[in-house]
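Each structure below appears as C-alpha cells.
The two complexes that follow have subunit A in common; it is paired with subunit B in the first and with subunit C in the second.
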Partner chain A sequence: MTTATGRQASADDPRVMLDEQIGVFEPVPPYPPRTEREAEFYTLADGELFLNMGPQHPSTHGVLRVVLKLDGERVVDLDPVLGYLHRGVEKLCENADYHQAICYTDPLEYVSALFNEWAPVMAFEKLHDVEVPRRAEYIRVLSSELLRISSHALFMGWMALDLGGLTPILWSFIERDEIVDMLSALTGQRMLFNYFRIGGVNGDLNHDFLSRLGDWMTRATAQHEANLGLLNENEVFVRRMRGLGTIDTRTAIRMCMTGPNLRATGVPFDIRRAHPYSVYPELRFDIPTRSEGDCLARYLLRVDEIRQSLRIIDQCLHEMPDGPVMAKLPRLIRPRPGRAYAAVEGPRGQYAVYAVSDGTDQPFRFRIHDPSFVHLQSVGLLLPGNLVADTMAIMASLDPIMGGVDK
Partner chain B sequence: MTAVARAWGRLTLPGKVVFTVVPLLALLVAATVIGIAVFGGAVLDILAANIGIVRFVLVATILLLAAPPIAFVIIYLEMKVIALMNLRIGPDRVGPWGTLLSTVHGLKVLMKEDFTPTGADAVVFTWAPVVVFTASILSALVLPFAPGLFGQDFSIALLYFFAVGGLTVVGLLMGGWSSFNKYSLLGGLRAAAQMVSYEIPLTLSVVGVIILAGTMSLDRIVDQQAGWLGDWFVFRQPLGFLVFFIAATAEGNRTPFDMTEADQEIVAGYATEYSGMRFGFFFFAEYINVFILSALTVILFFGGWHAPLSLPQIELALDPGSLGIGLLFLVALAPVVGTLLLGAPFYLLRSATKWWHALIIGFALFNVVVVLAVVAWATISFDWAAGLVWVLVKTFGFVFLFVWLRGTLPRVRVDQLMGLAWKWLLPASLLNLFVTAAAVVLVGG
Partner chain C sequence: MDRALRRRLESRFAAQLSGPVRQRHDETEIRIAPGDVPDVLRALHDEPELDFEVLLDLTAVDTGTAMQVVYHLWSPTSPDWLRVIADGLSREDPRVPSVTFLWKGAEWQEREAYDMFGVTFEGNRDLRRIYMPPDYTSFPLRKDFLLPDDAARSPGAGVQHMERTHAPAAAAPEALVRRARS
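Presenting the complex of A and B:
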C-alpha cells in the first residue's frame, strides 16, 4: 500500500529517514490491504482526507486510535485501531492460581475496579461451590454501588469535557475523590482495590470507612443535584447532546449493547434484575429507562442511576447483617473440573467472566466479556455523517474505558 | 571568540535577524539622542514637523511594551478565576498568590525550542504569529483610554479597528495552512469561516452606535456618552450591545466559540505545530484580543472613561514647593520611616520572623502604599489618570465576564456556530440598525 504521495511507506525502512524527506503521516497501514473492507476504506475519493485521531489525542479516553475519513468536517467512514493497551490479561489469569487471577482483572476498567473483581470471584465461587456469608455480600454491594456512583460521576465530567466544558470534570473528580478516599480506608487502595476474595471480602467494615461514608451520605444527594445544575440546565450542552448519536432499540440489541447504553433506548434490561445475583433481590431499586437513545438520554440515564445507587447504599447500611465476611476456604483451591459463567451489572453494562476448570489450581480457560469493547463496536454505526466535533461526544457517551477494551 | 562564533552558529535565522536588528536599533536610538543633544533645535524642529510619525512610533512602542504585561495579568486572572470556579486553588507557588506564574510561563516559552516541522512552509510558518500579533497591536492603536490618551484619533477609527482586526484571520489561516498538519489545517479553516461570518454581525451591531453618535471617531463616541450611567449607549442600544458582545466572543475565539483551538476535537487547532515563542505570540495575541475587545465594548457601550455617576470633585491643594528644604528631608526620610513602621508589626508580633525578613516585608509594603498613594493622587489631580482607571476597571470587568463564560460553558458545534451567526445575530443586528435609524429619523436623534 502506498501513501497519498505514491511513495512506499515504512517507518522501519532506514532510507526513509536518511534519503527522503519525510512526508505527512498518512495513517495507511504499510502492508497491502488484507480484506475488501480495508481496501475500500483506505482508498480516498475526491475531496476526502484521512485524519488520524489518536493514540495520543487529548480526548480519546486512553489510547484508542481512530482513523477518520473526512469530507470537510464531516465523518464519512472510520476505522478504529485497537490494541495499544493490550496486556494479555486473560492469558495472565490462566497462568495464575485462582486467588492471584483476581488482581490481574483489577486494572481492566480502572475506574470501576470492584466490578472487574466481582465477576471472576463469582465465577470461581460457582466453580468451587462456595457459600458466601451474607454480610460479605452486603459489603460487596455497598462498595461496588459506591464505585458505580464514582464511575458515573466521572462519566458526566468527561462528557462535559469532551464538549469543551472545563468545570464539570473537576467537580466530578471531587465527588470521585471522596468516594475513592473512603474506599481506600476500606480496602487500602485508591484505584485497584483487590478487595473481593473468593468466598467473601478482604476485611470487614471499619470505623474510618463508615464515618466517611456517613458524612458523605448526609450531603451526597444535595451535592449531586447541585453539580447537575451546571450541565442539565445548560442550553449549549443540551442542544449539542439532544438527537446526537441516536441508536434505536433493535440496533442496540443487535450490537449487543447492555447497561445504561441499552436502557437509554428503552429496554429495562439490568443484570441485577434479569439474572439476579448477590443480595440484589432483597434490595428495592428501580431500573431507570429512557426512550430516546441519544447522547442526552445516555447521560440523563446515568444521572438517574446515581440516584438509584444512593438508594441501594442507604438500604445496605440499614439492613447490613452481622456475621463473618469470609467463608472458610483452603489457601489453594482446586475446583472440580467444570465451567462457570458469571455476569455482573457494571457501570458500563454486562461485565461477565467465563471460567473453565480442569481440576488444577489454575483456571484452564478464562474469558472476559467487557462492555466497553462491545459498545465501542457501534461507533462505526453512530459516527458516519456527524461532524468531527461530535465524534468525541458520541464516543464519550458510550463511556468506553480503553483498559477494558484492549484487555 | 570561538564561543561567540559557536553561539552565532547555533542561532536560528530569526534569532540572527533579531541579534542584528536590535543592536542596530539601539545604535540608531543612541545616535538620535546624541544628535538631539548636539544639534539641538534643528532636530527637534524636524521631529515637531513630523509629529504624526513620532507619535505613531512612540505609541506603537508603548503598545508593544505594554502588551505582554497585559497578557500576563489576564492569563493569571483566567488561571485563578477558573481555578476558583473549579473549586481548585490555582496558581499559588510563584510570587505572592502565584501572581508571577504567567510571567514565568512567558519566560519558559521564550526559552523553549523554536521548532519548525519537516514539510512546513517555513516562511509562512514563521510569519503567521507575527501577523496575528501585529494585527492585535495595530487595532489597539485607535482605542482611547483616557481623554487625550490614544494612539491616533482617526475620523474612521471604528472602520480602521475592524479592518485591521480582521487581519488576524489571515495570520491564523497562514499558521493553519503552513503547519503541514491536518489538525492545524482544520483549525485554520474553522478560524477563517468563523471570523468571516462573525465580522458581519460585529460590524453591523455598532452601526447603531455610529448613527446615534454621528461619528466613527472613538474619541467622540465616548464624548457623546458624557454624564451619568443613563447616558451610556448600552441603554440606548441594548440589542446592539448583546449582538456585539456575542460576536466579539466569537471574534476573540473565546469559549463557547473557541472552535479554532478546540483541544478536545482538533488538539490545538492552528497552533498544534507551534512551540516556543511563536506559540507565545499566538497566545499573547489571544489574550490581548480579549483585552482589546473588552476595551472596545467599554468605549462603545459603557461610557469609556466616564464615571458611572458624577463624583464630587475633590481639590487637592498640594504645593510641594512650599516645603522648601523640608521636601528633600521628606523624600529621604519617608522610605526609611515607612519601611520601619510597616515592618515593625511583623517583627514584633511573630518571634520566628528575622529582622531582615521584616525589613524586606516592610519595604515591599511601603512600595505598595506609595504606588497606591501616587495612583490616588493622580486620579484626583488629572483627568486622564481618572479616565484610565475607569476604563481599566470596566475593561477588566468584561475580561472577567469572558473568563466566567469560559469556566461555565461547553463549546458549541461548528454548524450551530454558523447558524447562530447567520440566522440570529445578523437579523438581530439588522433589526437593531433599522429601529435605530427609524428612531433617529422620526425623533431627530
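Presenting the complex of A and C:
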C-alpha cells in the first residue's frame, strides 16, 4: 500500500485507516441484491443520490445507519441498516440460568432498564407459578414509574437536541440525575439496576431513597412544568413539529406500533389497562391520548404521561402495604415445561418476553420483543417526502433506543 | 383463563386446529399447520367476534426436532393473550406464509426470525438478514449453534466452532439438543 507521496505506508498511518473506513461504509453494498426490494432501492433514478446517515451520526441515538435516497433535499426512500450493536442477548439468556438471564436484559433499553427486567421476571414467575408479595409489586410500580419519568424527560431533551436546541437536554439531565441517584440509593446502581428478582425485588425501601424521593416529590410537579416552558411555548419548536411525520390509527396498528406512538394517533391502548398486570388495577390513572399522530402529538403525549406517573407514585407512597419483598424460592429454579408470555408497558411501548421452559434450570427459548425495534421500521413510511433535516426530528419523535433495537 | 374464547376458537377453527386449545394463567394457545397461517390469522384479525387486530409479537422457536413460528395477538374481546403456534416446520427447509399482508410491521420481525432461525416467510418482500452481516452463513438461535463457552453443559464436542455452518439433521450431538417436552 502506498500513500499519495509514494512512500510505503505503515499499518497505523491514519490516512490509510481513513481510506479503508470510507470503503466499509459505502452506501451501495458490495454484493448483488438479495431481494427485489433491495434491488429496487439500490437503483438510482435520474437526479437521485444516496446519502449515508450514520453509523456515527449523533442523532441516530446509538449506532444506526440509514441509507437515504434523495431527490434534491427530499427523501425518496430509505433503507435502515441495523446490527452494529447486536450482542445476541437472546442466545446469552438461553445459556444462562433463570436468575442470570435477568441481568442480560438490563442494557437493552438502557434508559429504562427496570422495564427490561420486569417482563422476563414476570414471564418466569408465570412459568414457575410464583406468588409475588404485594409490597414487592408496589415497589416495582413505584421504581419503574420513576424511571418512566426519567426516560420521558430524557426523550424531550434528546428531541430538542436533534432539532438543534441545546438547553433542554441539560435540564432534562438534571431531572434524570435526581431520579437515578434516588434509584441508586434503592438498588445500588445508577443505570443497569438488576433490582427485580423472580418473586420480588432485591431489598426493601430504605431511608436514603425515601427521603430523596419525598424531597423530590414536593417540587417534581413544579419542576416538570418549568421544564415544559422551554419547548411547549417555543414557537420554532412547535411549528417545526406540528404536522410532521403524521401517521393514522389504521396504519399505526398495521405497523404493530404500541405505547405513546400508538396513543398519539388516538388509540387508548396501554398494556397497564388493556391487559392489567401487577397492582395497576388498584391504581387510579388516566391514559392520555392525542388524535393528531404527528411529532408534536408524540411529544405532548409523553408530557401528559409524566403527570400520570407522578399520580401513580403518589398513590404508591400512600398505599404501600407492609410485608415481605421476596417470595420464598430456591436458589436454582426449574419450572415445569411450559410457555409464558409477559408484557409490560414501557416508556416506549410494549416490552414483552416469551419464555419457553423445558424443565431444566435454563430457559429453552427466551424471546425479547422490543418496542424500539418495531417502531423504527415505521420510518420507512414516515420519512419519504420529507426534507433531510426533518429525518432527525421524525426519528427522534419515535424515541428508539438502539440498544433495544439491535438486542 | 377465558373459557368463552376457548369455545369460540374450538367451534370456529375446528378444521384447522392440530391440537387442543390450551389455557394457562392469562394465555390461550392454539396450534395450527404452517399452511393454515394466512387463513387463521385473517379470520382472527377480521371477524368481529374475534377481532385480534393487534399483533404483539412474532418469533420462531427451534424445538430441536422441528421449527415453530409463534404469533401473539391481542383483542378487546378477550382478557387473554392469544398465542398461535404454527407447528411442525421442517428444520431442513422451514417455510411459512408471511403475515405482512395483515400487519406490515411484521416485516422486520420476520426478517429477524429468518436471520436467527432460517425460517423462510413466503410473501415477505424484503426477506434478508437484519442483524448479522450479509455474508453470514449460519442461524445463531438454532439449537445446534453452540456458544464456545458452553463448556459447563457440553462434553466438549463441537464447541470449537463459533460460527458453525448449519448442516441439516444430526448436526448437533444428541446430548446437546435439549428438547421441548411439552
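Note that the second predicted complex is superposed on the first by the 381 of 407 C-alpha atoms of A that agree within 3 Å, B and C clash if a C-alpha of one lies under 4 Å from a C-alpha of the other, contacts with A are read in each partner's own complex, and residues count from 1 in each chain.
FYI, contacts are C-beta pairs under 8 Å (C-beta built on N, C-alpha and C of every residue); 3 or more make two chains touch, one makes a residue touch a chain.
The model shown is predicted, which means the values in this text are computed figures rather than measured ones.
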item: Room on subunit A for both subunit B and subunit C (clash or fit); value: fit
item: Of subunit C and subunit B, partner touching more subunit A residues; value: C
item: First, second, both or neither for A:Ser59, with subunit B first and subunit C second; value: first
item: Which of subunit B and subunit C A:Val388 touches, first, second, both or neither; value: first
item: Which of subunit B and subunit C A:Leu163 touches, first, second, both or neither; value: first
item: Touched partner set for A:Trp171, first subunit B, second subunit C, both or neither; value: first
item: Partner chain in contact with A:Val111 - subunit B first, subunit C second, else both or neither; value: neither
item: First, second, both or neither for A:Gly83, with subunit B first and subunit C second; value: second
item: Closest approach of subunit C to subunit B (Cα atoms, Å); value: 25
item: Subunit C-contacting residues of subunit A that also contact subunit B; value: none
item: Of subunit B, residues touching subunit A in the complex; value: 82, 85-88, 118-119, 180-183, 186, 190, 255-256, 258, 262-267, 406-416
item: Subunit A - residues contacting subunit C, complex; value: 29, 31, 34-38, 82-83, 86, 88, 90-92, 94-95, 126, 253-258, 269, 274-275, 337-341, 343, 350, 352, 354, 356, 358-360, 364-365, 367, 369, 373-374, 376-378, 406-407
item: Of all residues in subunit A, those that touch subunit B in their complex; value: 21-24, 49-52, 57-59, 73, 160-167, 170-171, 174, 230, 234, 236-237, 239-240, 387-392
item: Residues of subunit C touching subunit A in the complex; value: 24-27, 29, 53-57, 59, 61-62, 70, 72, 74, 76, 79, 81, 83, 102-109, 112, 116, 125-135, 140-141, 145, 147, 149-150, 153, 178-182
